[in-house]
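A, B, C and D label the chains in the order they appear, each numbered from 1.
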Amino acid sequence: MKKIINDPADVVVDALRGMAAAHPDLLRVRTDPAFVTRSDSPVRDKVALVSGGGSGHEPLHVGFVGTGMLDAAVPGPVFTSPTPDAVRTAVREADGGAGTLLVVKNYTGDVLNFETAAELVRAEDVGVRTVVVRDDVAVRDSTDTAGRRGVGGTVLLEKIAGAAAERGHGLDDCHATAQRVADNVRSMGVALSAPTVPHLGEPSFTLAEEEMEVGIGIHGEPGRERVGLESADGIVRRLLDPVLEDLPFRDGDEVLLFTNSMGATPLSELYLAHGIAERMLAERGIRVTRRLVGPYVTSLEMRGMSLTLLKLDEELTRLWDDPVRTPALTW
Amino acid sequence: MKKIINDPADVVVDALRGMAAAHPDLLRVRTDPAFVTRSDSPVRDKVALVSGGGSGHEPLHVGFVGTGMLDAAVPGPVFTSPTPDAVRTAVREADGGAGTLLVVKNYTGDVLNFETAAELVRAEDVGVRTVVVRDDVAVRDSTDTAGRRGVGGTVLLEKIAGAAAERGHGLDDCHATAQRVADNVRSMGVALSAPTVPHLGEPSFTLAEEEMEVGIGIHGEPGRERVGLESADGIVRRLLDPVLEDLPFRDGDEVLLFTNSMGATPLSELYLAHGIAERMLAERGIRVTRRLVGPYVTSLEMRGMSLTLLKLDEELTRLWDDPVRTPALTW
Amino acid sequence: MVCTRQHVIAAMRGAVRAVSECRDELVELDRAIGDGDHGENMERGFLAVDTQLRLASPETPAAVLKTTATSLISSVGGAAGPLFGTAFLRAATAAGERETLDGAAVAALLRAALDGVTARGRAERGDKTMVDALAAAVEAAERAADEGAGPTGVLRSAATAADSGARETIPLVARKGRASYLGERGAGHLDPGARSVALLLHAFAETGGEQ
Amino acid sequence: MVCTRQHVIAAMRGAVRAVSECRDELVELDRAIGDGDHGENMERGFLAVDTQLRLASPETPAAVLKTTATSLISSVGGAAGPLFGTAFLRAATAAGERETLDGAAVAALLRAALDGVTARGRAERGDKTMVDALAAAVEAAERAADEGAGPTGVLRSAATAADSGARETIPLVARKGRASYLGERGAGHLDPGARSVALLLHAFAETGGEQ
């Protein structure tokens, strides 16, 4: 296993220490339990945005803590959701009296642990609401299953709801905005190689030299189907078509296009894929008015990418444009 | 070869098209010859900063075009310096009448092609000066050899000289500032895996499962020595010791620490290594007052990292802190 | 033929050992149809249980079970943490003030645990989750208790039935948990959480009775 | 026994073919001690030469050489572009207004090319670069011309000597170009640029003479 680490058992905390050293102006980092808050937390009378989930998806969520986005992020062990206690402690440090919005990706573990945390926090008289992100169209959308996973859409939601909170919107309003993002965002991903979880030491799955995994999640869990490697045109079409059909996105829609690297994809390939996606969307009359390109929701050193489309309206666009200042996203 | 590309012969131009689509507000992109300028180029009466070199190191240099950094970047084919003609055309579009500073990484190809370009441009009565970056301590510093390579220090130089130009400093002054950065910056890198050049289709070298290449450059050229994989502590020490000895950096110095990913290193590992480097520097009394952590000078999908130390003074710190707005660096 | 606080503690210690021994097996099962962390999660959880039982010196069977539950909830994370945590929490509530547990009580505790897991995770039998093993175990436990078995007998029956329940997950297509993302491709694999249920019950049966 | 504009064009066409055929060999040589692009660089450059020679219809040997030089400079990039470009540019200058070249003139062109490469790249013989092959070639060419050889004879001698000069780079430790980064580890490998020099001279010898 080729990793720049010391003891595999300590990777999460060791990485957090490095983040603390790298961003003393932006972040405050705790290690037991492990969580990160804005350096100026709690921000009085502002709704606090708190998210979290398994580690290994950096910069999600810890890299999005800062002005205009998250107040706190709670990283669990690699690919394993954090415990309710950790979330509760983070909320306690982040809540500024105006209540807390929990952003949860739809995985059984995250949902259950954040649910328990929400109960604990409510018992302490903190107002809490939860929004669950389930944007991965690779998974069948159904109520009698675990349902869709939360993937790339999470970043967009955290940015936009974070801007709403920064503007001073109340908890219900922030929740409604977040829910509007959740309702209007769809994603799909592909893997060209597998990630290796540090304490396991072996890749989560194996792909032959000419194979790719379409509909991959962000935990090295296998995807929807395994097919032969294709050209960038082919790959982008395989991601874009199901995303477009799902909402559905229509001729004339204004959208934000988010082209995300799963971790180890060279930036040049990512831009190349982004250009293709923009062209294909233009051909269908869909207007890309905002974009994000980079490694924002990753799966350790997995090679691959995902495409996320968010249908915009005026308010969502305005909130997206609002200033943000975090380790991974700044404008 | 697992890449998200169409025809390997077109990767550079296809990626530029994607960049153009992704950053319409920041960049103007030409494809024949291939180069990128600020969308508002030429900026009248401002010294223009123009850099370039082989592709495959993204975001270097194209991702650093924008306000407060580069006016133009000229990407050659993958790992191959651009031609004098391309550089000349880019300078012609970027120069606002106050002259152009060329930032060149010290590789025979880059030096020779930019030298020729400078001659061509001078013949057209544009003021040109050149600064050559040679910060890689893995290579012996000597005048009867090709000498040291330009690596991570290039980003710091482009940011700082870019700020000087944006403040309206003249060509000689921008050159002097750039040279001060070049004189005070040192780097060293390590690879855990090799990159694959698209049109070659095979990794540039092979490393066994338990090996790493110390003193690696950014072109998949082999490094100083091949040794067994070590812990993060061991790796960071191997990079930091030769960097510190070289300038040398001393107790009491204020420095900028730049922890760079070679491409495919997970952000968590990079932060982890950064934290270790900060600790080791603190132990020696060296004060890290500015930092940069991320994949900024890469070698396609190579796994590994480099450490760069820049000795700061008040002016360099101020210029570093100046606003910057480019695809890859914004504050 | 009753189970005391000491027995319950011994049962938990047995579980700690069993989970540690089977860590790699659980990892492999979860790697096939999940994200490969189930072995780690269970080991981390039961090591916390071990520590907390030492620190807390719980005085009743219910207290032992409650310490187990809170240790799991506050250390595991993942799906398994809240689910097993709820299971032990409901079992603790069902144990009430009792100083000892007979066979019928053990069966009742298992029933309460199952109700907790299904309330929390909303999985039904046949969804290819830990519920498949636990539900089979509860039915067998109740039958054994009805036939007059003591705690160990009840647990033995439960463990054996959990094995079958776990095995029955193999051909299923998951509808809950990460394995559900796989669709048809998940068929042919044993569910890791179901295996954990069987593992725990065997450990309880071996150590939690009247030795 | 002289070399005309037609012969020089034929020589360049021969070089285009030779470089294309040896692309992979050059890639492999450069991969061992450089960055693996030398084959690509040379192929791209000589394809541009081919195109430009068709478009430009140069009228003299010097014009052919100059078109070759500017095509290489404006298409190759990398170290090889400016170096080979300078070599052909200096050769063009040395050819002057002449309509035909005899053996002595060919030798003089090669000497001018060598001077251009060393002025530009500042490599000395023994630095493990293209200079090692070219310098050996120039010496042999001058000897052959002194002995009265015609253009083809001079080029044949030059090509054979370039082979030896290239081979002699094998044990050397590079002091210029990318291979210098390798230090001792670069010893034992043939320098790709030196190989290119030999390759070009062989192609010229086969096609550039009095057939």
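Assume a residue touches a chain if its C-beta (ideal position, glycine included) is under 8 Å from a C-beta of that chain, and two chains touch if they have at least 3 such contacts.
Please read all numbers here as calculations on a predicted model, not as lab measurements.
Taken together, subunit A and subunit C share no touching chain.
The chains touching subunit A as well as subunit B do not exist; no chain touches both. Averaged C-alpha coordinates give centres for subunit B and subunit C that are 55 Å from one another.
With centres taken as mean Cα positions, subunit D sits 32 Å from subunit B. For the pair subunit C and subunit D, the distance between mean C-alpha positions equals 77 Å.
Among the residues of subunit D, none is found touching two or more other chains. The residues of subunit A never reach two or more other chains; the list is empty.
Interchain contacts link the chains end to end along an open line, per the touch definition above.
Interchain contacts (touch definition given at top) occur between A-B, A-C, B-D. Considering their complex, residues 27, 31, 34-37, 40-41, 44, 73-83, 120-121, 175-178, 180-183, 185 of subunit C touch subunit A.
Across the interface of their complex, subunit D is touched by residues 54, 76-85, 107-109, 112-113, 115-116, 138-140, 144-146, 149, 197, 199-200, 204-205, 217, 219-224 of subunit B. Every residue of subunit A that touches subunit B in the complex is listed here, in rising order: 2-6, 11-12, 14-22, 55-56, 58-59, 63, 192-193, 209, 212, 229, 231-233, 235, 259, 263-276, 278-279, 288, 291, 293, 295, 298, 300-301, 303, 305, 330-331.
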